[in-house]
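Each of the two complexes below includes chain A, the first together with chain B, the second together with chain C.
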Partner chain A sequence: MGIIVGYIATLGIYFCIYNILSIGLNIQFGYAGILDFTVITFMAIGGYMAGVASLGPEQPGSQIFYILGLSLPWPVALLIGATAAGLLGCAIGLIALRRLRSDYLAIVTLAAGSIIYGLVGNNSKIFDGFEGLVGVPQPFNGVLGLNPNSYALLFLGFAAVVMAVLWVAANRLRNSPLGRAMRATREDLEVAEAYGKNTYKLRMMAMVIGSVYVGVGGVLTIWYVTAMAPAGWGTSETFVVWAALIVGGVGSNGGAVIGSFLVAVLFNEVTRFLPGISSDPSLIPEVRNICIGALVILTLRFRPQGVMPERKARFPELPEASVRQEPAIVAEEV
Partner chain B sequence: MGEAPLLEVDGIRKAFGGVLAVDGASFTVEAGTVTALIGPNGAGKSTAVGIIGGALAADEGRVGFRGDEITGLAPHRIARRGLIRTFQISREYPAMTVLENLMVSPMNQEGEKLATALLAHRRYRKQERELVLKALDVLADFGLYGMRDEYARNLSGGQKRLLELARSVMADPVMLILDEPMAGINPALVSHIGEHILRLREAGVSFLMVEHNLEVVERICDHVIVLAVGRTLARGTMAELRQNEAVVNAYLTGGGVDAGTAR
Partner chain C sequence: MSLFLLTLGFGVVTAAVLSLASVGLSLQFGVTNYVNFAYGSYLAVGMFATYTASQSLHLPFVMAALLGVLSSGMVAVAVDLLVLERFVKRGTSGFFLLIVTFGLALILLNLEQAIWGVGFDRYPVALGNPVRLGPFSVTPAQLDVVGVAIVALSAVHLLLTRTRLGKAMRAMSDNPTLALASGIDTRATTMWTWFITGCLAGLGGVTLALNTVEFQVFTGNTFLFVIFAAVILGGIGKIYGAMLGALIIGLAINLSTLVISSAYAIDVAFAVLVLVLLVRPQGLFTVAGKA
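Then we have the complex of A and B:
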């Protein structure tokens, strides 16, 4: 019984994490049209920085090397992880957002992701290279001393609260004049600029906020798994987040939730826990990738707006009588 | 401001590679007028509009607006001074509703500040309501009220032209620069848009309008500026220009420039 509870709690936690990642991508791409092809790099930076902030100082004999090691409490570590991801988003934005059109911007994000992957993987002094960080302390766990299944449930609640806060903030942003201005830059950058919008600033905001979201997803990941290595954040993971957003509905936070459930939980994580086939251990992961790819293709072919499309903007209801409805100049034919 | 012109363009020059698109053009637009900018294809009209609006950087020359130099400012800074330009092809925000297209335009909305948007959404609610009311009024003026909740991409070509004007009005412009506002629409709508332009002029908006249709220019424009090969060839009323041999030649012959190579 306990193991099933733990399993479902784990799936729930992954759901929350992927949800945060895809809402972050939605803020970047769905709101502001920024093609971020290195989502998972922001997750890794957030996770790593929170990891080294909450880990103790590195032990000389342990052969595990990393920077900082500050033994900080979890709220501070969370803040550090989120800030680090935001700063990285800002740095990439500085390079890519001022002059580049969307397709070149996408190339810059992809390149930045590869550079950081190589840098972190090959330099064992920062985050212990390809070995990665292990034994990252979990919030509450030291204090409460729960068994793994109870802790999974507790962490699920924690992740759900974080997700809820981020969800509310993302929707407020979406419904605000700021979100509207971001959508205008997505629709036509040059026109938004000609109508007085500082498009560079708007897109930078979306880039940084999205990166912070993804960074927080990374912090939750490293806390729950207690470890993080470059193998876990390759390009294919970025694809899973993109697939979730595309299947769910670009521009729609509700779509991001549905997409995270369908793609990230149902296809990606559930199949991860299927018993391996001993004669061909790589079969299930490969079938999983085929399934996610096929789902994206089917969505784009038959329902390009996604399962739950971006909805039309709603405005405060006004009494009809207060609005003149007849045109100032009547056209014979329009 | 007194007698000073609203917009002063002084000796602007712009080359694309080996092509001199604008070669020292100078002209002014007086406040309260509708001024036409005409000339054969390749005369540099759109390039001049791009330079005035800040989308293109001039190689030389200066642009003044309401007495201040605006040369080289970012387009959004120029727009915030009340100078709004539209584009040659209708460029609505396709996946946003018609009403939303208008709601983007007002400058300096309270809810465009990040902290207000995230933490104090009640603070911008009042302004938002006022803007919605104004936008619905503007939509009614342009006969687009019934389309307010439709995606802008679903409008007809003519309606998109009207939307372009409507959302410009929402930005409370001092001056509008229209790049071929009547391209590709039927004659009835041409006169309809012309009436809207005159109505807005009465409301205090000044216009600079790139236009090829000389009948329209004659009917609604107070002044006409003729560009040819990147320079100002003549200016005056349409009636005066019809007597001007150089203008007639430029229009008939393309001003000696192969229209296919320069824009």
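Then we have the complex of A and C:
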């Protein structure tokens, strides 16, 4: 019984984490139209930095090497992880968000992710290379000392609270003047600029805020799993987040929620139990990735707006008298 | 000094490999006007179809390589017909086409890994002992690579300047609507473009494999970033720019090994890419219109 509860709680935690990741991507791509093909790198940096901040100093005999090792309490580690992800987003944005074509932007993000992957993997002194960090202390568990199943339930509650806070904040951002301006840059960069918006600054803000979201998702991941290694954040993992956002519906946070449930939880768990490939376990990751790629392509082909489409602003016909008034960029939502 | 010249020789070989793949990517971009992130997987198709043909079917290596090159061309056409053409016809915006090719890259990479495994392989051919040519020292296989690149690129040049197909491709690259209005069969031209650029990718893959000796499926995907750097340096969509970009990046990668570890080859290419994007994002060849 306890195992089933623990399993369901674990699925719930993954749902919360993927939800945070896809809302972060939604802020970058759905709000501001930034093609970030290396989402998962921000998740990894957030997790790694929080990990080395909460781990103790490295032990000489353990053969595990990492920087820092500050044994900080968890709220500080969370802050460090989120900040590190935001700074990385800013650094990539500095290169990619200058007035470049969207395909250059995608190339730069993808290439930067691949470079960081190589650097982290090949340098065992930063985050222990391809071996990865292990034994990261879990929040609350030091004082409570729960068994794994009860801890999963507790952590589910914690992750749900974090997710709810971030979800509300993302929705507030979406409907704020700042969020509307971001969406205006997504629709048409030139028009937004003609209205006096600083599109570089707006897109940079979306990039950094999105990265911080994804970084927080990474912190939750390393706390729950207590380990992180490059194998867990390859390019295919980026695509899982993209799949969640696209299946759910680009631009709508509700869509991101549905998408992360359908893709990250349901789809991932169902492909695990496919009978045909269980005989050849080494093929499971390949089949899973092929299915997720096909899922995205089929969604874009047959339902590009996603399961829960974004509700776009409608422009009512202007009555004769008000034609002379200055038109708003985006009318109120209907 | 002799070490410098020796490295320069290897740089020319890398540049030859890189120019084949870069010209393919740039030509395809010029005609279809979107970047194909699955291009690295086409390299792997050429690489491994050749491997299967020579290792399992025991064909002579030249025959096997020809088979490999043709099969990557056919994969490119099949992917266009089955997936990309449908999106283009519907007028899918550039954003989503990029996501589609990103998804295709994931699908093709994993298919290839399911077929050929993730380990390292090598061709069952003797690469020959290094021969000295003045200050350079290269294997006969590497000399062949340079020769193949010169022949293939000359053929592309003749195709673009002397044939109706080449003229149609250049016309589509300049203005697809006008090309269609002038009676050019844009669908056939697009399909031929995919076939030719797919073959160039396959050729790039085979020569890359000959140059690095040991290769795996992922080699093509890693090399994709080097290709991007060369293509953007030359100005995306510009064939001769891509050749020049390949030469510069190829030399830069190899000469950097004199100073830093050769493990950082991709990082050097990325540094050049970032520098180009910051200083001259339109590339070395500036032409009004596409940039």
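By definition in this document, the second predicted complex is superposed on the first by the 300 of 334 C-alpha atoms of A that agree within 3 Å, B and C clash if a C-alpha of one lies under 4 Å from a C-alpha of the other, contacts with A are read in each partner's own complex, and residues count from 1 in each chain.
Operating definition for what follows: a residue touches a chain if its C-beta (ideal position, glycine included) is under 8 Å from a C-beta of that chain, and two chains touch if they have at least 3 such contacts.
Since we're looking at a predicted model, the values are computed, not measured.
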For this session: Please work out whether A:N122 is in contact with chain B alone, chain C alone, both, or neither, and reply first, second, both or neither.
Result: second
Exercise. Touching A:I297, do we find chain B (first), chain C (second), both, or neither?
Worked result: second
For this session: Report for A:I107: first if it touches chain B alone, second if chain C alone, otherwise both or neither.
Result: second
Seminar exercise, completed: In their shared complex, chain C is touched by residues of chain A numbered 33, 35, 37, 95-96, 98, 100, 102-104, 106-108, 110-112, 114-115, 118-119, 122, 235-236, 239, 242, 246, 283, 285-287, 289-290, 292-294, 296-297, 300-301, 304
For this session: Enumerate the contact residues on chain B facing chain A in the complex.
Result: 53, 55, 74-76, 79-80, 84-87, 91-97, 99-100, 103-105, 107, 109-114, 116-118, 121, 124-125, 128-129, 132-133, 136-137, 140-143, 145, 149, 151, 156, 158-159, 162, 167-168, 171, 186, 188-189, 192, 195-196, 199
Exercise. What residues on chain C touch chain A, complex-wise?
Worked result: 34-35, 37, 83, 86-87, 92, 94-96, 98-100, 102-104, 106-107, 109-111, 113-114, 222, 225, 228, 232, 236, 263, 266-267, 270, 273-274, 277-278, 281
For this session: Flag every residue of chain A that touches chain B in the complex, lowest number first.
Result: 169, 172-173, 175-181, 183-184, 187-188, 190-199, 205, 251, 310, 312-313, 315-316, 318, 322-334
